[in-house]
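Paired with chain B in one complex and with chain C in the other, chain A is shared by the two complexes that follow.
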Partner chain A sequence: MLKVEEMTFSYKRNEYLLNRLNFDITPGGVYGLLGKNGSGKSTLLYLMTGLMFPKIGHIYIDGIEPRKRLPDMLSQLYLLPEEYDLPATSVDEFVKRNAAFYPRFSREDFDRYMDIFDLESVKNMQRVSMGQKKKYLVSFALATNTALLFMDEPTNGMDIPSKSQFRKAIALGMNDERSIVISTHQVRDLESMIDRVLILHNHSMLLNESTLRIAEKLEFVNTTDKEELDGCIYSAFTPAGFVGVRPNTTGAETPVDLEVLFNAIITNPETITNRFV
Partner chain B sequence: MNQIFSPARFGAYAMRFVSQKSKNCLLMYVVVTGVLAILMALGGQSIDFFPMTAILFIVAVVEASRFSNNIEPRSMKIGFLLVPASQFEKMLASVLYLFIAVPLLYIVALLVAQYVAMFLVALFTLTPPQWAAPFHAVTINSDMLPWFCLSYYSSVSFYLMGATIWTRNTFLKTTVVNLLLGFVILIIISISAMAFTLQSDIFTALGSISYTNDNISRLSQNVRYDIESVFVTFGYIVSILFTIGYLVIAYLRITELEVNETKR
Partner chain C sequence: MKFRDSQSIYLQIAERICDEILGNKFPPGERIPSIREYAAMVEVNANTVVRSYDWLQQHEIIFNKRGIGYYVSPDGKNRIREIRRVRFFEDELPLFFNRLYTLGISIDEIDRRYNEYKKASLHVDDDAVDIK
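Up next is the complex of A and B:
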């Protein structure tokens, strides 16, 4: 569906932010795009949606470069940016004026997501809180039923109940025909939700693996006994005890701890990535 | 579906465009109608061609400059670029609004202002209102009208182009550049006109040595008339070409617009 080929991007000459990235986004998965601040997560989302142009290499969505911004291609993708402006119109007016561009938009789905988020149909979308605005936009984004849905820090500004509502909405909005790419540095918000992990670090894609394969290859340890951390590639002390990650030698799968995985991979990039070669 | 223009898609985009603009647009036209009504009331229930066109001109270039609201801030730019309509349709909606809707709305404002002015005059003079025919208060200078239309379209296009280049303080920056360019063009035209007139007079004089004084005088008048008509035609052509040029540059700028993540 989306193919990134040898894609390089830089804001300044010879200072690559993203260097020779190669990966595919295939239908039917929730992708978690993780990276430190300034690692290029948002930039990558903008490149994939045609808002920025690669310096070298190509990006294709069903064989068409997103930089062409062709209407048919744009109607198959939706980007929920980190910052957004909603018009001073009612929810119904907003839906009426924007839904027409998305052939698979479903008003029933939109109402369902509004219910999940406990949202009401307000008269002026500009006069609600930032978190509320985000929830309206997430509801609309999911209801477009586009094949590709990109979300940049979607849980920023959401309160604790809203984050679990968000996970519920994503689970409901997911199907085999669509892919959702969620960029975030709040990895806890994504846990139990994502099928595939993309980790951007030092200008390259350090990891691009399914959570199933990660669980096959790595064992995540959560213990109060420091001695149980033997063989860990990475470990850390937490208020509740210790967390760590080590090669999975037993074959028993443990739940993937995204935060531990992320910290492990940026501290020991080669050790972790070699496990997936 | 056609990726450049589709009537259904353009219709949807135009409705979205109108929905977004309607509130600000309505407010602006209420203000414009008020200003026109006051001017008409003060000017003996009529308005001259110059102030009438000047107000339209200002309204249009300000509206053209506001195209930059689609591009700045970044969140607006993302929304604008990712709406599933072609860049041509997005541009066309703005051009049709500026070229057709703004003048038409202004004509409506003039009509309303005329009756508001009559009512105001009646109110302040304590006499019954003397209702007149529509557009009774409006003076049209038919000689100036073609020039006004051309300079209107050319200026609006220039400000539209400016909005795609300078996204902050668009109106101010475009006005400064417009004045500088206007000054340069004026100098070039003046020098060309002087050179052309001098050359023509020399040729006329050389070709009419054997003619009488009357003939020379008549020839000079003809040459002057020809020069005027050449300059008018040249002016029309240049103005049309510049209008097209500005619109093409604006369109190309839109198609090449990128979101810069490092600039917020």
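Up next is the complex of A and C:
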């Protein structure tokens, strides 16, 4: 669906932010785009949606480069940026103005997501809190039913109940024809929702794997007994005990701990990535 | 839903559905929620619930009516009990025996206490005793 080929991007001359990225986004996944602050997550989202252009290499959405900004292609993708302004209009007016760009937009779906988030149809969207604004936009984004949906740190500004509502909305909004790419550095919020992991670090895409395959290759250990960390590639001490990750030799499946995976991969990139060659 | 770290999430969800079937939340022959509805309920990726439903189907606890949805097998409860009995004898009983042995508790005492327990809970959980 989306293909990135040898794509390089820099804001400054001779200083690459993203260097020769190669990866695919296929339909039917909730992608977690993970990376430290300043690693280029947002930039990558802008590149994939045609807001910025690669310096070298290409991005293709169904064979067409997003930089061309063809209306047909644009109607099949939606980007929810981290920061945005909403017009001083009612919710209905906002929907009327924006839904026209998305042929598969469903008002019924929009109402259902509003319901999940406990939102009311307010008269002026500018006068609601930041967290509320985000929930209106997430509802709208999901209801566009675009094949590609990009969200930049969508849970920022959301309170605790909203994060749970957000997970419900994503679970309902997902289907085999669409892919949702969510950039986040708050992995805990979304851990159970993500089924493909993209890790951006040191200008490269270090990992693009399904959680299924990660669980096949790696075993995540959670223990109070330090001895049990035997064979771990990476381990850390937490208030509850120890966490670690090691090659999966038993074949049994443990839940993927994204925080441990992320820390393991940035402290010891090759040991992890070599397991997925 | 709060998940444990030791077992894969799809199996934890399958176990939860088994508990719900045994607890009559989903009686035999009744439809269970769609994959997406269940995913939203427990806040996980739908693909995880696909695996849970596959597992339940393989063990003949639920079945799929094409285009309509998933239903609890007429014999679903007994299937769950069979699986759990095997697991009990293989995994839990050895640990239990180990406890009895190390603490010096006799089987006679366990027998006496078990009979008391059965008397006390006879009317609470009719369903559990009427099998066999």
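For the reader, a short list of remarks on this structure follows.
In this section, the second predicted complex is superposed on the first by the 277 of 277 C-alpha atoms of A that agree within 3 Å, B and C clash if a C-alpha of one lies under 4 Å from a C-alpha of the other, contacts with A are read in each partner's own complex, and residues count from 1 in each chain.
Quick note on the criterion: contacts are C-beta pairs under 8 Å (C-beta built on N, C-alpha and C of every residue); 3 or more make two chains touch, one makes a residue touch a chain.
What you are looking at is a predicted structure, and each value in this text was computed from that prediction instead of being measured.
Following the overlay on chain A, a side-by-side fit with no clash is recorded for the pair chain B and chain C.
In the superposition on chain A, A:T43 makes contact with chain B only, while chain C stays out of contact range.
In the superposition on chain A, contact is made by A:D195 with chain C only, not with chain B. In the superposition on chain A, the chain among chain B and chain C reaching more residues of chain A is B.
Touch criterion met: A:E93 reaches chain B, while chain C stays clear of it.
In the superposition on chain A, A:L172 makes contact with chain C only, while chain B stays out of contact range.
Contacts of A:S75 after superposition on the shared chain: chain B is touched, whereas chain C is not.
Of the two partner chains placed by the overlay, only chain B lies in contact with A:Y11; chain C stays clear of it. Between chain B and chain C in the chain A overlay, the least Cα distance found is 28 Å.
Once both structures are placed on chain A, no chain A residue is touched by chain B and, in the other complex, by chain C.
On chain A, the positions that touch chain C within their shared complex are 28, 30, 116, 164, 167-169, 171-172, 174-175, 192-195, 215, 220, 222, 253-255, 257. Across the complex, chain B is touched by residues 11, 42-43, 46, 49-53, 69-72, 74-75, 77-79, 81, 83-85, 87-89, 93, 97-98, 100-102 of chain A. By the touch criterion stated above, chain C contacts chain A in their complex at residues 3, 5-9, 36-37, 39-41, 43-48.
Per the touch definition, chain B reaches chain A in the complex via residues 1, 3, 6, 9, 12-13, 15-16, 19-20, 23, 73-76, 78-79, 81-87, 89, 255, 258-262, 264.
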